[in-house]
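In the two complexes below, chain A is the common chain; its partner is chain B in one and chain C in the other.
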Partner chain A sequence: MVKRVSLEKPKMGVLEYLALIIVLIFFMFPIYWLLITSFKPKMEWLVSPPYWFPRNPTILNYLVILFPIKEGVEMVLGSYIVFKPATKAFIDSAIVAGLGTILAVVVGLLAAFAVSRHNIGGNSFMGLVLMLRMAPPMVAIVPLIVFYSLLGFVDTYHGLILAYATFTMPYAVWIIKSFIDEVPRELEDSARLDGLSPLAAHFKITLPLIKGGIFATTLFIWILNWSEYLFALLLTHGNVVTLPVQITAYQTYAGLLYGPQAALAILAVIPLVVFGTTIRRYLARGLTFGAIRG
Partner chain B sequence: MTKVVLENLTKIYPGGTIGVDHLNLTIESGSFTSLLGPSGCGKTTTLKLIAGLLDPTEGRIFFDDEDVTYVPPQLRSVGLVFQDYAVFPHMTGYENIAFGLRVRGLSEQEIKKKVKEVADLLELQDVLNRKPRDMNMSELQRVALARTIVTRPKVLLLDEPLSNLDATLRVKARMELKKLQKFLKQTIIYVTHDQVEAMTLSDKVAVMDKGKLKQYDSPKNIFERPRNKFVAGFVGTPPMNFIDCTLVQKDGRYLLDAGSFAIDATKLGDVLKDIKSTALIMGIRPRDVSVSIKPISGGMMAKVFAVEPLGIEKVVTIRIDNILIKAITPKEFAVKLDQEIWFKFNLQKLHIFDKKTEEAYF
Partner chain C sequence: MKSFVKRLSDFLNSKRGIPLVLMGPAQFLIFFIAIIPFALEIYLSFTPWSPTMGSIFNSPINWGMNYVKLLTSDFRYLAALGRTALFTVIAVSIELLLGIGLAALIDKEFPGSGIVFVLLLIPMMFMPVVVGLDFYMMFQPTGPVNHVLSIISGHPVKIDWLTNEFTLFIALLITDIWHWTPFMFLITLCGLRAISPNMVDAAKTLGASEWQIFRKVKLPMIRNALLIAVAIRALESTKIYDELIMFAAGRTNYLYENISIWTYIVNCVQNQIGYASSGALIVLLIIAIITFKLILKLLTR
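Right after this comes the complex of A and B.
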């Protein structure tokens, strides 16, 4: 009797599903807790035993962070505290993390081409690039503050953008280089013989092939920049406010305002989820770190 | 049509590896020339130097009278088909073939016409709308070839283009290449480690080893008159038999003494007089060794060491003490292992090499 071999993916058994569900619960629980907290009124934030669902669901936490009008704030908090509207934090974060990410990816891409295709910097260059990230950022922050003060970069958009781009660029170089390395050099050589300059060959041949990798790198670096706290806290004081800094603003003399914090955290996650979902089809390929074959 | 001249061409890679070592070669305009040699002999490096993808450490490259040594590849008008074809994976067959024409700024109408011409020539009509992932090796190879010849480069370079094809396809592709060469009348430089490809396709063959040119000649001369032991051993299947020997002159006769046996080479006459050294290597192709199960006049005795049937013929390895000699026999030739057997060399086909320099005397 001929045994049929199925080329389709094998069906998952009950145990596999169970394992997946456990993993999913483990990773999703903090998000779930954030979500329900963001809809809880103040008295439900810290009750013991905890409520697994809000008993009196409210959107006041959201209203308070977006439109901090006096009556609303008093209703939520029981006292009046002035907050800057979180909309500014959204805009500032978008500007700083967005431009910082674009700068890191663009510079990282060019550097990765230089290293991968032209062997610029020799064998030690990639190690030196990574050394930028070997020391914790805390080590760099004090000299950076002094340096930024002299340059007048403290509490400016360009100052924070530059810091973000500098500190995430090593990741960009390393990740993008690994994608470029996967693309056979002969493809570019072939394009050059067809009449393209080296730079044109990089951009017309290799770049389209590593598109997925670039998207994955961009998402990764954007997540780093979007959630960065230390630089944003120490290099700004009011003119530029990013989301992680804004979230800490809800630690007040009236206590920790978990509701508004959770609401802002939920809102802060949304752009990442939207971007990640939009580029999902590229991600699957990009995150496998190079699956290009000629 | 373009003549390619390599003058003292040397490439030393960072780290000191020598790719090509003082190579001098003149490739005639419109000829099909093969660079033949084992892996790492410098043939692909030579090709990349001609294409401009590598800069030489020393030496010059001329296309006709124009010095192109430092002309960037995009301005050289050279086409190169890579071993792994390097077909752009994100473009269809049509887009791949049209790529070079688009870079040159041709109108879409002209591009369409030229792509159709070359697709007809290489029977590629069916793959024009397909992406490389949906093509088989033979189709990929032809798309790579089509993409290269469509721009009509001055010099066409082929880097082992048939090595990824299976045996049957390879024979077919070889014939197609030969036809194509006649049609294109273009200077073609072909890199291969397969001697059959080099011998059947080429007007001239340059045999290389360790970055050096060992012989540059017609396929017939490469086979019949190898200039050194390397060429003699590399070309021909099964390879030539090499036997260490000394030249002994005795009573007006010349003997090639291999220790276990000696060959009377007096008949070769004057050519032996020029040999200064006495330590020699004699070389004889298996096809030029005759064997018999009965004693033959002037023959010597040996024992059968191995028998390899090849279908239409057999390769019989015979052993005299520690010397192994391969002979080709008709398939009907029946012998058993360790059977006594007589053998004889065809003196006219004997090659003599200096043991020290490994250069051929004849």
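Right after this comes the complex of A and C.
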């Protein structure tokens, strides 16, 4: 008698459901905590035992972080301290992360064509580029601070944009190369027979086929640049202020501003989660430099 | 005019033009932002330079003294290296095991698995500074972590997590596990989903149990993906900095000094730029060996 086997995927048992619930609580609770803290008034920030839900929810934390007028700050904190509105940080972050990302993707795209289609650079170039990403940023920044002071690039938009572009370009090169490698060379070869030049063949034949991949790569790199903290902290002193620097800036004021900080954190993270979820199919490929095609 | 455009196009598409157009911008960026500073770092690493000594080009040269001191008598530096390595080994092992377990769980069929998948990816989209802030708040003495521990243990727990080295290490570990287990989970799941169902069906028909299929069929097939994930995570976890700054909350005593914090203190607080450069270059050398000998091979296989 032949044993009958089910060829479907195995179903979940009770224990597995229990494990899943515990896992979900562990991974979702910190997000929930950040969210409710952003709606808590000051007296609920550090109460013991902690409130699992804001008793008197307020949106003042959000208002005060964007428009810190005197009355608002007094309502939230009970006393007045001067702090800068976070609106500048949003604009600066958008400029620096946006332009840094575009530069990284354009430069990376060109280099990816060179490596993939013309065998220029090859493994040593790819290794060097990878090294840029693997080195701890703290190691890279030691001489960069000195170099930038010599050039007068400290605390400028172009200085930060160039640094961001250089250190995220490795992802662009590796990921976009993996997309180009998937397009058969023959397509370009036949276009060449019709009289297109090599560069025109890249941009008119291959580029349209990898549009989706480049879009995903752009969002992926934007996520990295929007989140970057160390370079922004050590290469700027107030002229350019990015969001991560702004979030930590409140650490040094009298006490901690849990509510407003959490509110700013939520606002800073929303675009990351939206874009990250949009490109979730490409996240594995992005994080592994194109090696794992999710 | 037309002939100029034609000639330009011909030049750009020539044997000399193509590398210039395609590789030129990348080479320029790397040279300008990475190679020149790197050369500067090598020079500085052979000097005792700090900003009070004036122009960096007039600095006295002490040749390899920085390196000798770092590797033979600077126990603070060596401890920072050791801490970084220890944290990496512990964090990456736990994240790998949890990630594999999670992926095996989610790979099954159950209602809502799509939503659970998306939810589990969210932590790794968070910026490190926000993760640091979030866990800083939760690890406060009156925060939810102590409260949950109180409920479980039955008597009040009042651990001040972020004020001594050991509990700070545990807090950092939990933070990193929360932040990056989703990465291991995602890579493992991608690997599992790439396995042809025929292989699994064949094993099933031969009477293999679920555990045997996972251990003997699936795991060997995703080995390469796991190696890549582990290698990348291991190097990334040497970079941890943002969370520790948040945990210190404005204090200058960081309690848990890994290699990034060490470099920050020596470079930006003590202003010993030359000495910090030497310390940084040793790290860079270690990372370079790992990158070229291991990661490059894994990625291009």
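Just a few scattered comments:
Just so we're on the same page, the second predicted complex is superposed on the first by the 240 of 294 C-alpha atoms of A that agree within 3 Å, B and C clash if a C-alpha of one lies under 4 Å from a C-alpha of the other, contacts with A are read in each partner's own complex, and residues count from 1 in each chain.
Definition applied: a contact is a pair of C-beta atoms (placed from the backbone, for glycine too) under 8 Å apart; a residue touches a chain by one contact, two chains touch by 3 or more.
Just so it is clear, the model here is predicted, and its values are computed rather than measured.
Contacts of A:Ser197 after superposition on the shared chain: both chain B and chain C are touched.
In the superposed model, A:Leu132 lies in contact with chain C only, and not with chain B. Once the two complexes are overlaid on the shared chain, A:Gln251 sits against chain C while remaining clear of chain B.
Once chain A of one complex is fitted onto chain A of the other, the partner contacts of A:Val14 are absent, as it touches neither chain B nor chain C. Looking at the superposition, the partner that touches the larger set of chain A residues, chain B or chain C, turns out to be C.
Comparing which residues of chain A touch chain B with which touch chain C, the overlap comprises 197, 292-294. Partner chain A is touched in their complex by these residues of chain C: 9, 12-13, 18-19, 21-23, 25-26, 29-30, 32-34, 36-38, 40-41, 44, 56, 102, 105, 107-110, 116, 118-131, 133-135, 137-138, 140-144, 147, 150, 178, 181-183, 186-187, 190-191, 197, 201, 204-205, 207, 210, 225, 228-229, 232, 235, 238-239, 241-242, 245-246, 249-250, 259-260, 263-264, 267-268, 273, 276-277, 280-281, 283-284, 287-288, 290-292, 295-296, 298-300.
On chain B, the positions that touch chain A within their shared complex are 48, 51, 53, 72-74, 76, 78-80, 82, 84-90, 99-100, 103-104, 132-133, 147-148, 151, 153. Those residues of chain A lying in contact with chain B across their complex are 184, 186-187, 189-197, 205, 208-209, 292-294. Within the complex, the chain A residues that touch chain C are 3, 5, 7-12, 16-17, 19-20, 23-24, 26-31, 33-34, 37, 46-50, 52, 103, 106-108, 110-111, 113-114, 118, 120-121, 123, 125-132, 134-140, 142-147, 162-163, 165-167, 169, 173-174, 197-200, 223, 226-227, 229-230, 234, 243-244, 247-248, 251-252, 256, 258, 261-262, 265, 268-269, 272-273, 276-277, 280, 283-284, 287-294.
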